[in-house]
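Dropping the structures in below, format is structure tokens.
Shared chain: chain A. Partners: chain B in the first complex, chain C in the second.
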Partner chain A sequence: MLLYAIRRFGLALLILIVAVTVMFLMIRAVPGDPVQIMLGPRATPELQARLTAELALDQPIWKQLLIFYGNLMQGDLGIDVFSGRSVTAIVFEQLPHTLWLILGSIAWSATLGIALGAYAAAHPNTLIDRITAAISVSFVAAPAFVVALLSLLIFAVNLQWFPAIGAGEGFWGRLDHLVLPAFAIGLSWVGYIARLVRASMLEVMGESHIRTARAFGIHERRVVMVYALRIAILPVVTVIGVGMGFLLSSAVFAEIVFARPGLGKLVIDSITTRNYPIVMGSVLISTGLFVVSTALADLINAWLDPRARTAA
Partner chain B sequence: MTESLLEIDRLSVDYETARGDLKALRDISFDVRKGEIVGIVGESGCGKSTLISSILRLTAPNTRFRQGAVRFKGEDLLQLPERKMRNLRGADISIVFQDPMQTHNPVLSIGQQMLDIQHRSKASKAEKRARAAQMLGAVGIPDPEARLAQFPHEFSGGMRQRIAIAMALMSEPDLLIADEPTTALDATLEVQIIERLQELQQEFNCAILFISHHLGVIAELCDRVVVMYAGAVVESGEVREIFHDPKHPYTRRLIDCDPGHIKERARVLPTIPGEVPDLANLPGGCIFRDRCDQAMPRCTAEVPPLDQLKNGHHAACWLNHKEAAE
Partner chain C sequence: MAKSRSELGQIIHGVARDPLGLMGLIIVGTIVFCAIFAYWIVPFDPVGMNIKDRLQGPSWTHLLGTDQLGRDTFSRVIAGGQVALQVALPAVFGAMAIGLTLGMIAGYGPKWLDNLLMLFFDTIRSFPTVMFALAVVALVGPSLQTVVFVVMATSIPTYGRVARTQTLTLRNSEFILAERSMGASMKRILGVHMLPNIVGVLAVLAAMDIPTVIALEAGLSFLGLGVKPPTPSWGALLKDGYSLIRQTPWLVVGGGLPIILATLGFTFLGESLRDVVDPKLRKQR
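And now, the complex of A and B:
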């Protein structure tokens, strides 16, 4: 297991290096002189030359990449052109908001989705199964930004149950502010995970080892919850790991609609102001988040499924 | 004669399907006595699996018990409430399934699974573990204590089947159902498993209901044999009687077709021509008549009853009736 974890994270690191390099080269390939864009048309040539040297843009591309990685190793993602603050500081200031939003959405949608799916699979073709199917499909079909706007209108404006904008202060304040955005992002996942778990459960429940467990008189609840569910959630774990990428993009919507601070809002704001160091920094962190979450999903899979450990 | 442990009494089971009721079992009767090994033999689709799942009441939701009883120690299992039925499963009645590669849960260790099936025992966890290791040793798994921590995929097919037998015998059941336990294994392993099963049967003194389509294994292991065809019993009796003096054409053909029975080099292996009748749309009369080379007009008209011919030897064929001799 430990060996598997080391190998899996080694692979994650490799993926991250490739992704970051490609991203670095792509940004450099975008037409237009970043110095001119940053300083504006009325900058003096001396100023332009100074910034070019500061950003090492006068160096050959491979040297720029080395400098970039050298700075990255020291946690230095560059300097925000407008405020002069460290990009690392700005990004890490926003990161927790997005992280909590994503984790909150996944937590509630996975719990409810797995429960609904398992229940539907344990009672296939009953009325309850059909009702969960209808609900799941309509949840899947609801895009995050529509749900975000509607829930904002219903629960924040009309019913005034939850605050409409911002991230809140203190633990309970933050939690209160998290409810609506997490609901909006997670809703379609509930349906998706429920459908996935149901299909996966039905398949597992038909396997011979379930019949064996029953033939030994093991209680049906234990058969479903341990013997079947533990296998049936394996694909769900993988899907959630990969789904972090989708969640990051839904988080952008939610952060704009609910005027929440976070990575998504930061990226949008810095793209509109062409603040490249911040765009680069946030995208880098998002990529890292994605790579780490897929690696984590694989590790959880390996922990749940002994067969996956040997097949690394 | 020792008392009867399991008694199948005129059991008929249907599957409700979109194209009508599938008559999977019709009027099945036989019994298993204490400490006895009874073999059930028949082609695939003859209702062997339906029979087993009916005994354990682990049937598909579209199963309907139309008539008859499954009496275990005098109690009709079909009438038992589910909770009581569950108390029998894996305690008084155990089962070894066909495919050892699929029979264990792939994500739980063998030790965990062997602990789980002792859920009725009041023993401590350490005692249950020791018991599990002891059983693994009894079926010939080397270094059993260490192997408890391993997962099913770390064992070979033969070992997994031995583990399945260990699990089934752990509760010292009165009846062990073995559903083609050696079909998925190669021939040398088959012999090992059969020998082990024989030894353990002596040791635990349980009755075995042994399902197989391999006549050689049945002849080797069983005291009595029940021959099934298309959901009905066509012949039953002592193994010696059935193999030396089969009284049903189907049994005769089955013995002729057994590869172990073919003495000369044959270009073409013998088969029984024709197909098993459609169970959803059964023709009247004898179910085997379309494939039988001795069929008579009477076979189309009436279903032959399962008659006792000699002591304990039953067959359902009109040829055994006097008028056939004329």
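And now, the complex of A and C:
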């Protein structure tokens, strides 16, 4: 297990290094002088020279990369050109908002999805099973930002049940503001998770330890809820871990639609003001988050199911 | 040729027999039809302004109302389908072609090349799609080509991985071993014998990938980072609708429904295609 963990995190680290290098080269490959792009056409030559030296742009490219990595190791992603604050601080200020949103979305959709999937598996080919299947297929396809816009239109603007903008103050205020965005992000996951749980549940129900449990005269509900479900929700863990990038992407849109603070809003605002250090810092941190969560999901899976360790 | 046509006929027949597949076929057919004949279908010029009639609700003249510049929403929806397919089709086919080539090389070539390509795939996949798209847009500026590039780059790994797995499985199958023992060249083995066995699976994947691509294009245009105005993209419609959401609901509805319909149609079609082309895949999921 330890060996697997080391190997898996080694791979994650390797991927991150390559990803960061690609990112770095991409920034440098863009035609035009980065200093001029950052400072705009009206900057004085002195200011341009100072920033060039600060960013070490006058050095050869491999040295720039080394300096970049050196700074990265110290958690330094550069300085915001406009406010003069550290990019790391700015990004980490916004990150919790996004993480809460993702957590809220996945919490409700996983709970409902697992319940629906388990019920459908316990009662296959009943009306509820068919309705769940139809809803799953339909909602899996719905892009989060369209759902966000339509729910904004219906529940915030027309019915006025929920607030339309911002993140809210205090616990209840925050929760109130979380409902619609979390609904929009989670909707496509409900059906997806339900189908996943149903499939793996049907597989588990046929296994011998379930037959044994039944033979011992354990109540059917307990067999389903405790013995089968515990194993059947395994794939959900993996899917959520791997889906982190997808969740992050949806969160970007939900934040824009509902004018919530967070990583997505930060990036979009930074693109419009051409604030490159912030855009790159946010992309790097979200990529890191994604790589780590994928690795974690693999690890949890390997811990719960020893067969997965040898497969990878 | 005649054989492959009858095979294609069988596939279409199989899809049409499945109710969801038929629905997908109808929706996708309608969208493609509207996109091809958009010029003759639209009642108004999709970019023609008419300030006098701005922000109207639905009527017989303007089926879905008008926007803040008096442009006919229905016409823009129809023309938007054209833009969506203009992005989706080249992007998906490009990604499929590159992914297929790299995947087959990874599956058939030496181990070190396989490892290198897999690392390449894993790296691309490690960027959250929208974040990667935003980074690229920030660097090179928004345009239709940027969207196509981003979509292509981010979906290459999906095709590459599947092509690689298929190649690895086929590599040791009897008919390939027989071919190799007869001295067939690598080009012949990959091109003539393996390719036809991989393309089907990838085509299914492509059909299921199109909704994601359409959604991404619409999403970027919604953020104002996709196609440039006044090009009538569904996402651009949503962008206008979002800023006018308290004045008129019809822009959000007009932009949102076609996206949902298109994603639904392609998903149904893709799922049904998968069941017909390769029933084994269904069990794997």
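Keep in mind that, in the parts below, the second predicted complex is superposed on the first by the 288 of 312 C-alpha atoms of A that agree within 3 Å, B and C clash if a C-alpha of one lies under 4 Å from a C-alpha of the other, contacts with A are read in each partner's own complex, and residues count from 1 in each chain.
Keep this in mind: contacts are C-beta pairs under 8 Å (C-beta built on N, C-alpha and C of every residue); 3 or more make two chains touch, one makes a residue touch a chain.
What you see is a predicted model; the values in this text were computed from it and never measured.
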- Query: Following superposition onto chain A, is the placement of chain B relative to chain C best described as a clash or a fit?
  - Reply: fit
- Message: Quick check for you: in the superposed arrangement, does A:304 touch first (chain B), second (chain C), both or neither?
- Response: first
- Message: Quick check for you: in the superposed arrangement, does A:60 touch first (chain B), second (chain C), both or neither?
- Response: neither
- Tell me which partner A:145 touches in the superposition: chain B (first), chain C (second), both or neither. second
- Have a look at where A:16 lands relative to chain B and chain C in the superposition and call it first, second, both or neither. second
- Query: Which of the two partners, first being chain B and second being chain C, lies in contact with A:209: first, second, both, or neither?
  - Reply: first
- Item | Contacts of A:287 with chain B and chain C, given as first, second, both or neither | second
- Query: Just chain B (first), just chain C (second), both, or neither: which does A:253 touch?
  - Reply: second
- Message: Going by the contact rule set out at the top, does A:227 touch chain B (first), chain C (second), both, or neither?
- Response: first
- Item | Partner touching more residues of chain A, whether chain B or chain C | C
- Task: Pick out the closest CA atoms of chain B and chain C after fitting on chain A and give their distance in Å.
- Result: 19
- Note on the structure: The answer for chain B against chain A in the complex is residues 56, 58, 86-91, 94-95, 97, 99, 102-109, 116-117, 119-120, 151, 153, 164, 167
- Touch list for chain C against partner chain A, complex: 20, 119-120, 122-123, 125-132, 134-140, 211, 215, 218-219, 222-225, 238, 241-242, 245-246, 249, 252-253, 255-256, 259-260, 263-264, 266-268, 271, 285
- In the complex of these two chains, what residues of chain A are touching chain B? 207-209, 211-219, 222, 226-227, 230-231, 304-307, 310
- Item | In the complex with chain C, residue positions of chain A that touch it | 11, 14-16, 18-19, 22-23, 26-27, 30, 137-138, 140-143, 145-146, 149-150, 152-153, 157-158, 199, 244-246, 248-249, 252-253, 256-257, 267-268, 270-272, 274, 276, 279-280, 282-283, 286-287, 290-291, 294
